[in-house]
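One chain, chain A, appears in both complexes that follow, with chain B as partner in the first and chain C in the second.
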Partner chain A sequence: MTELQAGRASETLSAPRIETRSFRSRYRDILVALVAFAVLAALPFFFGSKALLDFVIRCSAFGLFATSLNLLVGYTGMISFGHGMFFGLGAYGFGLLMQRTGVPIPVAFVATLAITAVFAAIIGAICVRLKEIYFAFVTLAFQMLIHSTILTWASLTGGDQGLRGGIPRPVFLGIDLANHVHLYITSCALLVLGLLLMRQIAQSPFGYTLRMIRDNARRASFIGIDVWRAKLTIFVLAALFASTGGMVMALFVSGAYPEFAYWTISGEGIFINMLGGVTTFLGPMVGTVLLLILNDTVTRFTEYHGIVLGLVILFFAIGLRKGLMDYLLEWYAQRRDGRGERG
Partner chain B sequence: MLDIRGLSKSFGGVKATDDVSLDFADGSLTAVIGPNGAGKSTFFNLITGALRPDSGQVLLEGVDLAGKSPSDIVRYGIGRAFQVASIFPSLTVQETMLAAVCADQRRSTVLHRRFPLAETRDRAEHAMELLGLANKRHRTAATLSHGDQKLLDIALALVLDPKVLLLDEPTAGMGTEERWRMIDKVRELWEAQKITVVFIEHDMDIVFKIAPRIVVLCYGRILATGTPDAIRRNEAVIEAYLGTEEHAEAVT
Partner chain C sequence: MDIDALAGCLASPACLVTQTTSGLIIGMLLFLVAVGLTLIFGVLKVVNFSHGAFYMFGAYFAMTAYQLTDSFTLAMLCGAAGTAILGLIFERVFMSRVYGADVLMQLLVCYAFVLIFDDVVRMVWGPEFKSMGMPSAFQVPPLFIAGGVVPPYYLLLIGVALAAAMVLGLGLARTRIGKVIRAAAHNPGMVSALGINTGLLYGGVFALGGMLAGLAGALAAPVRSLTPGMGFSVLIESFIVTVIGGMGSILGALIGALLIGLIRSFGSLGFPLFTEGLMYLFMVIVLVSRPTGLFGKEVA
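For the complex of A and B:
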């Protein structure tokens, strides 16, 4: 068989595969999401522990935030040090809308997303043209700007006291977010839906455009991709999911505090991504669970939890040189290849 | 037809491209030669939009592309490969081709469907076969050999169905044998695709053997254009570039 014939043979083999593969991968993801949601939703019936449900709600808030950051860091190669501003924006936007306007929760939710999109589009338009470290620092600067605005505009935001007096939660569609289990299920639903949507973004043609920009932005522009527009689009999309995480957090603590918009939130996002790894979609989710477990257990045993967390990140950064999921993936790939060679 | 008129570009006081006017007929094959720093790459960068010309026009079928962005110019039909293979290291050969076709079909921002799109398959497949990369489709670009990376770079330009293909030293960094294989491939592609090809090349043997038409650049200016025979006999070229007459004879 000549090389050309071999090429044709492989073509006829791979031709139908491409179409079915795309379909199958989407249905598989939806199935995984449904199963995950079912498991999470069943949890309260088996474990009555309020602490466990609280833990999952916090995981939802930070998981949405960290995974959206990975769309920028891992998929597009844009290291944002200011992504936390959208988390804060979500929390404050939602909290203020509920306290001051009395609109139904879904309306406040959508309105907060719209506000976030406007902010992200303006900030992104300024930032995304910048390269690497400049992008990182200017996003950080915007984060500090928003944080200090929240601190000084006390008549609106409550200043360093934060939004107090609780967030009203009128019942909508039979969902009562004042009820702890209802809040829990809603958080899980937002998490699973958010992850599913972000997964779709990552696996869409646009997701591959992002990978090309990460690998070689110059080349991407030479095959006709508008790099600036693509970067701005993902900057705004990622902000929407971070904002959703902020809203979950606001509902959880029934308020919003300046720390939600402080740069340390962005730092935690980067930290989570380093822990979990940026080469797999679920890496940041795994990182979120790890960090929250670490936080909760370490703070219980020692007041020097900062030192312990620092050592852990050093272990991942210097010891493994990658996140946990990256490490596991590589280990699995090596094992599979090893087996293939022997077989 | 690609028609360059009075193209100029200076860096500080240095004229990297100085009033260059050239035309490239449809389906022609042209080699651009010149000593280091002659402005060959700058010339390509000006045509493809990587650099903005100070003055002059780049007319492709009558449309002036000078000063447009690289992504716009690609859409008008000028494709380009680079001196150092410019690829996407973490994508596989097949993913690279499929994603490039996606971009060409203006589907690179599609969010609601899954990659790869079925309608991009045939063109991606065709390009891989043309460049002999079909059997390496699942290899990550970073793991390819130097020669295959250069081929992938060319495939990336070719998969967009350009009217004009600019190749910046397709044989850079290759051994003698590999050079000839690569240049045969370029010639084969030119004959098969019937597109306008312009390539930069250092190896005189290759240039004189392959290119029906040669452009000699020196200090950003056109020193001479013509057939290999005319270039070989051109005294200005012999003096400035080929050095001595003996060298010129040696090439003959």
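For the complex of A and C:
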């Protein structure tokens, strides 16, 4: 809700107002994040079901990935079809570091982020100059390049078998990731922290620069913004969060598979974004939960889940013409406006 | 990596001929799919993400028609006509609803149909690999050109694709309908104001694109195995082709398709596992040096 209002405000209000807004909302965001984390962390004490915890872990992995994609798609207007490569890179990078070097988990975590940043900077430097549809396809090409490299370099990555043999999880700081509840809480912490950081990026002056680039890149460049640098920066930042999602996934399945780097992961990310809606910050998170529930229930009832999923997508694309959160938001705004007129 | 095999092949005329023809048929099939894609993009400004499904349906239609009638010509016709009708319905009923909307919405509608079509094929024809078999008319000994083996069917395939390319190129350049299509690609509002039914035109162009992909599928049916989802790799490759050649350019699609075909066939000798990677690498190189593709026009 605030997102839309803030978006409108950025067009009409002068800069200082936005500054105070985001300053005030920052504390609120932190509060919301703390409450969300507390609720998630308390979950295992009330519901012992392993399936529920598994579901939340998967939501964390895909939620981080989808929300980071929204930083590109929704906020900057860069439709990346290769964002999944960073998900795969995170999973493989982390898995390989843990298996081969035996460094502590936090070191592997940071090292994987560093590797991702280097890859993203190189690929981004090539891609972000390109316009819309070409940007989409070159990112897709890089994704497939990484995917076929993973398949080819079997001695390192295990080829089409994936990274097998499990990922070792030495205990650090009293956290034992081999323990299911510990893994669950760590995933939740990473999710909430990741979302909070991304929210800060989105609400910062830099975030508003991105929105301006999305709306009119030429104008942005005329008033002195280095569009290329801003796009590259967000490309790298988004890659880091996607990579974190990949690491959560690698820990969850205790391995890494070529499918993590396949283009369908990117396609799913885009789909999640559209399902939830791209104009709200939490839209992709809602989309993630929806898609995972949809996938899980539909596969249980029919083997033809493509048809069911396809019809649901059609309902959103042709029926609502927007994501769920976007739709609800508009509906809410209309209702409120309608009441205002009557009152 | 096996550079020796590649060098050895380049030195022997027999191997050169065999690899070049196999590269050409890959390229020609890709061209038929890609040219429909580029035509639809040029006129409708829509990236048809479900184009691979038309290729798949073309192959399945042809197989069924061949099994029923035992006539190869009828099978080809069925593959092409069936997908043309499918394309018309798909465009009129679904795609035409999202023209005004976000590009992402158009992609989503197509993505939905990729999922639906694959499952429809799985329901009707079953999930297992199918094969149409080489039609009896072509079960003759292969030709030998400079010592290289060339099955006669390959020549037919290349000939049909080339004929389609020429008919399409001339039709767009010389006929009245071709002129209208080019005008609609340039300025649909004006074309509509001049009294031309653009809705019908869009449907027609989409049907034509679908038909070309269906023809490619039908032609591929005797030499490829049929499986639900077979359209997907073709789709990705024809995207690469259109992007390399330049979106909206027919000549670009032809050159791009042939280049990719040759890269695939010779690449599979030198870099057996990294053939796909080679294609993507090539695409990246082209796009970095010429962001709108080899024959694409500069878009402001």
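Throughout what follows, the second predicted complex is superposed on the first by the 321 of 343 C-alpha atoms of A that agree within 3 Å, B and C clash if a C-alpha of one lies under 4 Å from a C-alpha of the other, contacts with A are read in each partner's own complex, and residues count from 1 in each chain.
As a working rule, a residue touches a chain if its C-beta (ideal position, glycine included) is under 8 Å from a C-beta of that chain, and two chains touch if they have at least 3 such contacts.
None of these values were measured; they are calculated from a predicted model.
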| item | value |
| --- | --- |
| Partner chain(s) touched by A:167 [first = chain B, second = chain C, both, neither] | neither |
| First (chain B), second (chain C), both or neither touched by A:134 | second |
| Touched partner set for A:239, first chain B, second chain C, both or neither | neither |
| Partner chain(s) touched by A:144 [first = chain B, second = chain C, both, neither] | second |
| Partner chain(s) touched by A:224 [first = chain B, second = chain C, both, neither] | first |
| Partner chain(s) touched by A:309 [first = chain B, second = chain C, both, neither] | second |
| Touching partner for A:26 - first (chain B), second (chain C), both, neither | first |
| Complex contact set, residues of chain C against chain A | 47, 94, 97-98, 101, 103-105, 107-109, 111-116, 118-120, 122-123, 236, 239-240, 243, 247, 273-274, 276-277, 280-281, 283-284, 287-288, 291-292, 299 |
| Residues of chain A touching chain B in the complex | 3-4, 6-7, 10-11, 14-15, 18-19, 21-23, 25-26, 200-201, 203-209, 211-212, 214-216, 218-227, 229-230, 233 |
| Of chain B, residues touching chain A in the complex | 48, 50, 69-71, 74-75, 80, 82, 86-91, 95, 98-100, 102-104, 107-118, 121, 125, 128-129, 132, 134-135, 137, 156-157, 160 |
| In the complex with chain C, residue positions of chain A that touch it | 73, 79, 126, 129-134, 137-138, 140-142, 144-145, 148-149, 151-152, 263, 267, 270-271, 273-274, 278, 304-307, 309-311, 313-314, 316-318, 321 |
